[in-house]
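Here's the structure, in structure tokens; my notes come after.
Letters A, B and C mark the chains in the order given here, with residues in each chain numbered from 1 onward.
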Amino acid sequence: MRFEPTMKQAVIRRTARKYAEEVLAPAAVEMDRTGQFPQDIADEMAELKYFGLEIPPEYGGAGLDPVSYAIVVEEISRANAAMGLCVAVHNGVAAAPMYEFGNQFQRKKFLVPVATGKKIGTFCLSEPNAGSDASAIETTAVRDNKDYILNGNKVFVTNGHVSGTNLIFANTRPGEKKKEYTVFFVESEREGVEKGPLEELMGMRGNPVCPITLHDCRVPEENLLGEQGQGLKIAFATLNGGRIGIAAQALGIAQACLDVSLRYAKERHQFGRSIAQFGAIQKHLADMATQVEAARLLVYRAAGLRDKGLEYGMESAMAKLYASKIAVDAARIGIQIHGAYGYSKSYPIERYYRDAKITEIYEGTSEVQRIVIARSLMER
Amino acid sequence: MDTSHDLEGVWVFGDYRNYFQNRVTLQLIAKARDLADKLDTRVIALALGDKVHQWAMEYVAHGADIVLAAEHPDLKSYQVETYCSVVAPWVEAFQPQVFLAGATSFGREFFPRLAKRLHTGLSADCVALEIDPETGLLLQTTPGFGGELLAEIVTPDHRPQMATVHPGVFQERPHDPGAVGRILYPDVDVVPETRVKLIRSKRQQTRQAKLEEAQVVIAGGRGLGSKENFERLYELAELLEGEVGATRPVIGSGWTDKERLLGQTGKTVKPRLLISIGASGAVQYTTGILGSENIVAINRDPQAPIFNMADLGLVGDANTLLPLLIEALRKRV
Amino acid sequence: MNIAVCIKQVPDTPSIRMDRERMTIIRDGVESVINPLDYVALQAALDLRDRKGGEVVVITMGPPQSEEALREAIAAGADRAILVTGAAFSGADTLATSHVLAVAISKLDPFPDLVLCGAHTTDSDTAHVGPQMAEELNLPQICGVNEIHMEEDYLTVKRLSDGFVETLQVSLPALLTVTQELCSVGHLPLGDLQIAFSEREITQWGPEDLGLKEEEVGLRGSATQVWKLSVPPPRREGDLISGSPQTLVDHLIRKLEDLSILDEEDGYKS
């Protein structure tokens, strides 16, 4: 059993950390303040291959292993959770299924621009009435000769406002009792695609989340990902892998909380000494550090199983469940350590709190993760 | 030359291009005096150039027993290879025990090449030099591993024992116009370096001389966090009629010009008051400020090594203190 | 133009922590990185190569794990990398280090037109090895270069030396050491790292490959010896004050008054 990173993983962490600290951390403050997505930084990240992390080089990606992928998402999120979200979603639930289920033609036509970051990808599952229950989706796709006509509303689409290529989940048997789920590539410029206004969110600000509406959107047959009726299979496979990204994101946020809390505790003096010298604060810091390390092991373990081609659905659910929980805890306790300054916008810890919360919700709520884990336990 | 036996003592390379080069040479002559007395030998200073007599006289007045001088048009500009062609044969002929040079830009470039040619050891940026009473070896103390640690280095079997020393580490002796010494002009065969041509040399237009002469120096470190925060130091310096210096990480981050660099590869300052702000106190930096009469340090970390050398240590966030301090001073002007 | 760049792996921390009991350096949890100025040298070499053609070879002498630094250099764009490694090389001072590196460089075919190094390292910071390699290779040297212009068959370079801005011309081959100001170092593309670590070969040279005898390398080939390591003694016994920002400022103002840098009552004394 190995717990040390390889030489490559160590350099990848350092490289991503340097970029995150020098470029993404300063941008995070501005993104949070204005809610604007920094396109210029995204373009630079595309050049540096942050948008094709696990995609093989022949399709324009970096070809990294899953553990390196988790490390990169962790480091980005540590500096800038909103950008970590952009990268995790783009790579984990857009580029990944395009590669895994796309045919040669689709890989060339759709995946290459996505993996090279020329087009930002989205994964459009959630609808006003379909969240945790993906089977409740109401978006329809009706065959019309060689085309499909799509209608429906997708909400809370991460990266939505800047996306170029969207994966749309739709019911290909509307009106029938048993639904059939199918995934389509839908280009943002296609007629009938309409993006709604940016969501004003509590955290992850600067990630361009918006609704996407499909209104008689005509899509050719060649845009069908995998096979008709494969939608749920694709969704579950994708979400299994995607959870590693979100878990790594939560881990990065938790690490950031620990970093700033530890620094603050050492610097802040009360009663004639640094508050880090008080047992109550030390307990908080010790717990936080232990939880971060435990989360890290879970995340890398899930990624390591994926790397070896083994089953990792339960492990990625555990990683996501645990990392998101401890991220929220670390932010909450971190604010406590900061006292009133923690409640002020002049320290980043309040942003981490707002950013952390959503990691318990999206790409499967904690409640859903527990269902996944419990089912796996019973099946195994 | 009958004097060759007299010449095997403690040598000091004469570096006199500008005020500070000259001072470090004089400081080294004073230290060499001390070492030579312990070794019961002589202090020999070198003076190379197109006209060096006045420097030779100056070295004698500051404690050199003998000056080895060479005058040649090709020695007018400081050129490593050309200087090696003169000095290396001298060393081989006269066999000095110890050979010191200032850690100036030139000294740091010239001495390694010379040491290599002589196949002997060299230590860099020494902060102390002593003679080991048992072995008679030169103990060369140098800041090692970039920070908290000092290494005591010796050169047991190779001669001369060579070291460079930063300006300001040692004190020069008073100028003694009555001092007696000999100035020798040994035969030289200057081999000019033809592969490198000096096209232009211009004195840098900076305020660096002011930094080194300033009575108040405000020194900023990485802890200031940003260029904008660092720039507050100029305001403070103006209010105190001081100058601004910086640590290497600050220069590395591009917050200010390189000529403000303090420490091992930068300037040495000796102001009446040095205020160190947001610098933890790595040895590379502190070697440049140790000569300050008073040191006030501001840092968030009470364990920071800078507090070990501060007369007054303030544990706090520089970026909170600076506006308050500047405001308080403005009120008083 | 063929360029050799000498790099060194150094601890990634501004100041090394010491175990004060044992007088050893704490290496746990400290990663090794390419010395920052060596990275500048590499970037400058890559820029020159991209404009003038030729190849960039990176060389390091160090323990086997220095391979990491070389692979990172390949990811940054170096054409090939040579790891000079062997137990006999350890404990080398700058005299022995420069000897091994100079022998390694002289073995390069073709011999490089230019050898670039960082002006100094962040660990031992002697700035010796560059000039000492130049001496052994009989190359002209210019230290602390902050601008390089390639002319027909020579370079025009600029540097700051003891308060003088110097413009120099140097014929090739030559050795230059470079400073931070020379160029900025870009961010590495992750894909290039993947390739550098999975597909590229690193050449390894040991003492036999270089025809070096044990007595001329490592500790045995060194002229200097470290006798003792120590922690610098505290210089002064000053007051350490914590408190509100205003308290701290008050202390500082009082100090300024004590030193007569500020007048006690009516303000400012010049």
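Just so it is clear, contacts are C-beta pairs under 8 Å (C-beta built on N, C-alpha and C of every residue); 3 or more make two chains touch, one makes a residue touch a chain.
Computed from a predicted model, the values in this text were never measured in an experiment.
S.K.: Which one of the chains is closest to the middle, using the mean of its C-alpha atoms?
M.R.: Central chain: C.
S.K.: State the pair with the higher C-beta contact count; candidates are B-C and A-C.
M.R.: Higher C-beta contact count between the two pairs: B-C.
S.K.: Provide the C-alpha centroid distance between chain A and chain B, rounded to the nearest whole angstrom.
M.R.: That gives a centre separation of 54 Å.
S.K.: List the centre-to-centre spacing of chain B and chain C in whole Å, with centres computed as mean CA coordinates.
M.R.: About 20 Å separates the centre of chain B from that of chain C.
S.K.: Once you find the CA centre of chain A and the CA centre of chain C, what distance in Å lies between them?
M.R.: 39
S.K.: Residue numbers in chain A touching 2 or more other chains?
M.R.: 269 - these are the residues of chain A that touch more than one other chain.
S.K.: Any chance you could list the residues of chain B touching two or more other chains?
M.R.: Chain B, residues with two or more chain partners: 302, 315, 317.
S.K.: Hunt down the residues of chain C that sit against at least two other chains at once, touch-wise.
M.R.: 242-243
S.K.: Give every residue of chain A touching chain C within the complex, in rising order.
M.R.: 6-8, 10-12, 14-16, 18-19, 22-23, 44, 47-50, 52-53, 57, 61-64, 68, 72, 269, 272-273
S.K.: Going by the contact rule at the top, pick out the chain B residues touching chain C in the complex.
M.R.: Residues of chain B touching chain C: 17-18, 20-21, 78, 80-81, 84, 104-106, 108-110, 112-113, 115-117, 119-125, 139-140, 143-158, 193, 195-204, 206, 208, 215-216, 222, 239-241, 249, 251-252, 258-259, 264-265, 272-273, 275, 280, 282-284, 290, 294-296, 298, 302, 305, 307-317, 320-321, 324-325, 328-329, 332-333.
S.K.: Mind listing the chain B positions that touch chain A in their complex?
M.R.: Touching chain A from chain B are residues 300-302, 315, 317.
S.K.: Chain A touches which residues of chain C in the complex?
M.R.: 12, 31, 33, 65, 67-68, 71-72, 75, 187-195, 197-198, 242-243
S.K.: Which residues of chain A touch chain B in the complex?
M.R.: Going by the criterion above, the answer is residues 266-267, 269, 274.
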